[in-house]
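Listed after this line are the structures, all set down as structure tokens.
The same chain A turns up in both complexes below, where it pairs with chain B and then with chain C.
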Partner chain A sequence: MIAPPKPDLVTVNVDGKDIAVPKGTNMIEAARLASVEVPHYCYHPKLTVAGNCRMCLVEMGLPAVDPATKTPIMDPATGKQKINWMPRPTIACATNASPGLHIRTNTPAVVDCRNSVTEFLLINHPLDCPICDQAGECKLQEHSTAYGRGYSRFVEQKNVKPKRTQLGPRVTLDDERCILCSRCVRFSKEVAKDDVLGFIDRGSYSTLTCYPGRKLENNYSLNTVDICPVGALTSTDFRFKMRVWFLKQTPSIDTESSVGANTEVWSREGSIYRITPRQNDAVNDTWMADSGRILYKQVKAADRLVEYSIEGTAALPAVALAKAGGLLRAGSVAIVGSGRSSVEEQFLTRKLAEYLKAPVTLVSRVGPGDKILVSADRNPNVRGALVTGLVSSLPAQQLTELAAAIDAGQVKSVLSIGEDLTAAGLTAAQLAKVPVVYLGTQRNATSESAQVVIPTLTVFEKAGTFVNQQFRLQKFAKAVPGPAGVADDLATLAQLITAAGGPTLASDLGALWAIIAAEVKPLATVTYANLTASGLLLDGTPWAALPFVEGETLHFKPASPVAASA
Partner chain B sequence: MPYVIERKPLTLLERLYIPQIIAGMRVTLKHFVSPNVTMEYPEQRPAIPAGYRGVPTLVMDPNGREKCVSCQLCEFVCPPKAIRITPGEIPADQPDRAHVEKGPKAFDIDMLRCIYCGLCQEVCPEEAIFLQNQYSMTGFTRAEMVNDKARLYELGGTLPDEHFKWDKKKAAAEHGNAH
Partner chain C sequence: MPAPTQRRLIFAHIDEPGYTNDLACYQKHGGYEVMKKAFARPPAELIDEVKKSGLRGRGGAGFPCGVKWSLVDRKSGKPIYLIVNADESEPGTFKDRYIIHQDPHQLIEGTMISCFANNVKQAYIYIRGEFPHGARILEKAIAEARAANLVGPNVLGSAYSCEIYVHRGAGAYICGEETGLIESLEGKRANPRIKPPYFPAVLGLYQCPTIVNNVETLCHVKHIVDMGGEAYTKIGTPNNTGTRIFCVSGHVQKPGYYEFEAGKITLGQLLHEVCGGPLPGRTLKAVIPGGSSAKILRFGERFKGKRKVGAEMVDYDWGVEDVPMDFDSLGMIGTMGGSGGVIVMDDSVNMVEALANINAFYSHESCGQCTPCREGSLWMKKITTRMVHGAARPEDAALLKGVADQIPGRTICAFGEACSWPTQSFLAKFGDEFKNYHETKKAARPADSLELV
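What follows is the complex of A and B.
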């Protein structure tokens, strides 16, 4: 890999402190590097600069040079180059750092600017924080505490605007709260590539609206809710459900595709309320797809498997595991692994397969990639199966080989790890021929006909790692406890190996990673604890020749020409 | 180290015993005719001083409408975590309240946990929760000691309102602020 060229650094002075920043950094980011916060609403690091909220006004100065000779003018009092301060404040978001740039963010003039901008923004603001979902994470609320005057001088009537406009199936607009920052407009145009939002009318009549006849219904619409600095755009799903200060944040990974968007799971007392993106500039910036945000609903879905059962009758966990172990011990087992299992589970599945000398197949899920944050491969961890050595080739969509083996009577039992075999091409007649051990979270046709059903946990109820399409190893943490009585997936697999007569393996992440690091060469230096939040890029060259199905997405270009042309 | 206290010998009057009985009877007779200081609880109830912190209750505005908007600040501030609220949306088909948008679907105060600190009343931005005069909460089961929304409104009743915040909001909306 060629290292990117070192960015040119320029020295700027923020509140009297010199700091070197990359050239082209704007003043807000330069100040952030100097640990100085410049309040802003419309500026967003991942969007173009609009410069319309005026909250980031700062004082700016440049080193003085003689216009004729271009020589620096020195200040005799200090012996340094004189600074020409601009007579008026400048917006920090739209001014880039240049050599010797001086910024003052704490002068009375700057504070006065912020106070005045805040007062103007609050003139027509409804101040309905008690019922506003944004309260607690609202920039206007935060900056009003810092720069508001605490009472209103506005004696005229406030503007009244519609309070619950449906902009689309998932987004509700409260027009009164909107401060017209245009972040949502820019996001729709620049990132979602669906330019539906815009402002109409002038002055205090200005209103955010959709293009006539269109709706904000693209798969990225909820990102506008995330970036809205006030409570104007709210998620219809999360609206009035819970105040954000009660919610605990847990870092997680979006499992809807191999992009592996980094997410934050917000839960309270074992219930998940929403999923939002977590910034990872190498994977998903600050965005994620709407379809990944509703995945938490599977946790409390009606079809959730919560009890161990043998032939449809509830059984004790130990009895069900012993029965499954007996089936596996009989030999001629076929294992259907999963590209949705974590790296650790796939490693344990490999150990089980090695012990039983059972063939392992995976089921692929392919859907159209949207070129942003949903890739064509809808399994989050197919590359994890390659890295751990569970499989050596890419999975097929139909289990034709397994079907043929069952028909030929070569298979005595099938272990399915979360895969619906009926959906993967096995007929009911074929399934009736062999006893199936099913490990999964949701009920489906396979679990209905399976001999032994062992419930497992969803991604929100366990910890582990996934390898995304970039071969980036990313970890997710446990957000909520699993259903009562359901064991952790690693424990279940380890017990299954023991029940099948195999060795006793560690089932906690720390101890298991020591084994994984020892046995899996690409992961030799990794432990779960030292894996950072932004993930670890593994070397994917051993698998570069495989025809991966992914097309181009944000921060990902397919290496294989087969996929690029598809 | 032990030491001995000399007991004073009794005087003649003390040895006679009668004057002591008379002195005792005088105290008894004095209380016989003096006014009562106790009351026949629970038939009689004491007058509750203003500012008393009794059982927390939810109150309605003078128009009989729910004041709570389920902002959950009381739930957040409650030191013993006695309050539990399930927020909900007020449907658009209620013309007098639809503009409030949000109200509690369920509101439970566990009186086995409540410490009567009054922080919920202090924090309430809508003046919807008050610690009123009720001071005696009894029950045979734990479930009985949890006041649900209906019971809280029954205990709270209606209190006078100085602000009529939501009526003003509605009037402003009807006015429309035409320029």
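What follows is the complex of A and C.
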């Protein structure tokens, strides 16, 4: 008998190999754990099971028991319990692991099922992979190389369906490529809670379409493109821009809110082409918002700052830094830090503030949370500022204290790390009173009026970590190089500290983390290199009393109901 | 051997002169007396009677009704629903329509007894969308019955209440598949559900335990409760109890409906004696014995094997004419009793053209949910249509078989079998006609032949 090794595990047999899997695991996942791939189209681990593509058919058997006495029937040949194999193939996606369940995924009967499903899917599918945008990441293409017959027995007319339908502002549909797996329909209904997609007509003429008068325009519509196993749903922004096999994937973090959705940045030769979600079952499953996918456009935006400048005139980096250092050295500095800086940058900002004995304020960004993957706090790393000790309270939207201090003549200069001070409530008159050192990526009213402007890098051009709303420390990597001549943000900050007369600090991640681990207690055990892709959950209890603005989102429940969440 | 006489149990009053479909007429003929008596008995006893009777479902699959009822999850605390499957749309079948049109109260009585036996408080009659007249008749009949306190709250002064609603179907063959029907009744597209986990007996209508029975089956329940399960088994043959209604259509002199004890009449007796044999100057060529999805039989073929008679195994050697019309015998020779729709074809029929017609039906009715049936049914239709209207090729026969063999047993519902069995059996029994059709096509079709689909 096969006894379960742990109460919540059951032993199943995949192609003759016993493996213990959690109870309730479906057979596709169980096979995956046994390193056996069961091909499938309609099944998606984060959606309900539809069971309609029939690609995952496997042979299934259960241990034989005597119906009367319930005692196991043994097979004398093997000395093991006899297995009753079902006469028909079963879909692996809808079959959950039960004790002693056996499946066979490589028998001639199973291969025949896959061959026939592949042939059926291809007879009405355009056979034009070379001009299809999905080529290279198409499940139908992949499985056809394994299970297709290589020639077609189909001599009839193919079905004609609509091409290039605009389902919404960001999604284009080619119905002829659709294999009717219904993943997008289920996603819209179950995850995006916007049930706008469905099938019309019957049989092979079934057509995916949007509900009359509606559009697929919710902020999660591009996830349907990600999960589409074929080239039916494509991103209007990305389609026909670049072959996917030329693209390099870099793990990154979505900076649009404190959810910190894990992302994959797809780039080639220094240009980013798209951003897709990266699976993290504790944060964003396999989803992300559409709004986070266009953030890469700031990299090559017209308002991008690429030059060091003093009073509006381009200057050499060393000159600009020396000028900034001079301003800071004069004392009475106010620092406006950023909830969008990485943990490392915030740590260096803190070091600078400590050396200058300058007060630090942050600017909050609050918007309505959508209860899915965009939270109310639109700064990705406010908790990083708390953890590193840059600030000890939550930021406000307006810099009223700083405004009062300027009016009272207590401030001689302001250092702004990427924050537009006018947007945060300072008047032009107040800004005219004090010289501003501005570090940032985009041009704005503050950079225009600043004494010294030092260009910095976007999240795609540097590496670092963020702490999301769960107090999960997550790292992002550098996808593309920054603009020519622009130094890394950590180097810039370290040089600024030196220019202000402070100590010389490490500016590479490895060395800097040694200092962070030594000085920041919650991060004492962390090294950048050892931080896993799924992140590290920090203890957030020291800040539990703070009135965070986030409401509930996927995989996150606020500790206490928050009045401020819009 | 002469054919036995008809045994009209369900169709006792169908086409009887002077018999109307109103309550007064039904009660004059002893209507609702069985229900009154049944309500005085414990429900479990009624279920036992049905189990004892060996009643098999009349919708097509022939699943034992008592077993179906015993699978219902009664411990969940959820309400149990009963659905009357009146989505009669298997080509060649026209029995339920007669019951609904001419004897609706028989169905209502059978339904109420079944509801009472299973503690069902709400029943739905899901009637085929193309039966608008039947739906109106049923609604009127239910209103009459409700006015007479035979349906509705506190039936006949008892503490038992049960409502019956008529739901007009969505106009698709697949709405007759029980889980597709449930989806349709819930207001969705009639895509059949995957089983497991969605067995109607556990997770049926609104995720509650649900019984889905055919119209004729529920009418039989009334007669079983009337005469007792034991007595009912005396009708018909063992394991094929009760009567069966045969809807004979096609090339016989007297097509129509006939009710006989199950297994007491052979196919030959039914066609030659009861239905008057082939049309003058013609000979019978083929017959589909249980609705268009059943596998076709060719006159002249013989079936040999062993079958159980009582406790013994007996050899049989049957021609098509010798096959007793019951579930098991038809199953033994590789076809099925199905819904009782007997479709007869004589020598004027070209089998390629007949199959083109059947394939057109199934490709039109495939719901499109799962791959093999969705793509396979249309492919087969495109092949047969091309053969009939365009260029037939000798290799089409093998291709058709190849496609059909890739469908059954791999789909969500039984439609996969339904759409592939005709092609498989036509090819197996009339393969030469398919191989030679490109030659046949060169000759002109007779002037009086029907237009091709």
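Convention: the second predicted complex is superposed on the first by the 553 of 566 C-alpha atoms of A that agree within 3 Å, B and C clash if a C-alpha of one lies under 4 Å from a C-alpha of the other, contacts with A are read in each partner's own complex, and residues count from 1 in each chain.
Here is the rule we use: a contact is a pair of C-beta atoms (placed from the backbone, for glycine too) under 8 Å apart; a residue touches a chain by one contact, two chains touch by 3 or more.
The structure displayed is predicted, hence computed values, not measured ones.
*Asks:* Look at where chain B and chain C land on chain A after superposing the complexes, then choose clash or fit.
*Replies:* Superposition check on chain A shows chain B and chain C fit without a clash.
*Asks:* Of the two partner chains, chain B (first) and chain C (second), which one does A:F154 touch, if any: first, second, both, or neither?
*Replies:* A:F154 sits against chain C, while chain B stays out of touch.
*Asks:* After lining up the shared chain so the two structures overlap, which partner does A:A499 touch, if you call chain B first and chain C second: first, second, both or neither?
*Replies:* In the superposed model, A:A499 contacts neither chain B nor chain C.
*Asks:* Between chain B (first) and chain C (second), which does A:A324 come into contact with in this model arrangement: first, second, both, or neither?
*Replies:* Touch partners of A:A324: none, neither chain B nor chain C.
*Asks:* Applying the document's definition of touch, where does A:G51 land relative to chain B and chain C: first, second, both, or neither?
*Replies:* second
*Asks:* Under the superposition described above, what is the C-alpha centre angle at chain A formed with chain B and chain C, rounded in steps of 10 degrees?
*Replies:* Taking the centre of chain A as apex, the angle works out to 90 degrees.
*Asks:* Compare chain B and chain C by how many residues of chain A each one touches, and report the one with more.
*Replies:* The partner that reaches more residues of chain A in the superposed model: C.
*Asks:* For A:S204 in the superposed arrangement: first (chain B), second (chain C), both or neither?
*Replies:* A:S204: touches chain B and chain C.
*Asks:* If you stack the two complexes on chain A, which partner ends up touching A:A94: first (chain B), second (chain C), both, or neither?
*Replies:* Touch status of A:A94: second partner only.
*Asks:* In the superposition described above, what is the shortest C-alpha distance between chain B and chain C in Å? Please give a whole number.
*Replies:* 8
*Asks:* Taking the stated contact definition, name every residue in chain A that is touched by chain B in one complex and by chain C in the other, in rising order.
*Replies:* In the superposed arrangement, which is not itself an observed complex, chain A uses residues 157, 159, 204-205 for both chain B and chain C.
*Asks:* Can you check the complex and tell me which residues of chain C touch chain A?
*Replies:* 172, 189, 191, 194, 196-197, 363-372, 374-379, 382-383, 386, 399, 402, 406, 409-412
*Asks:* Under the stated contact criterion, what part of chain A meets chain B in this complex?
*Replies:* 126, 129-131, 135, 157-160, 163-164, 204-205, 239-243, 245-246
*Asks:* Would you pull the chain B residues touching chain A in the complex into a rising list?
*Replies:* Touch residues, chain B against chain A: 69-73, 75-76, 87-89, 92, 99-102, 125-126, 169, 172-173, 175-177, 179.
*Asks:* Inside the complex, what are the residues of chain A that reach chain C?
*Replies:* Residue list for chain A touching chain C: 49-55, 57, 87-89, 91, 94-95, 112-113, 116-117, 119-121, 123-124, 153-157, 159, 179-180, 198-199, 201-206.
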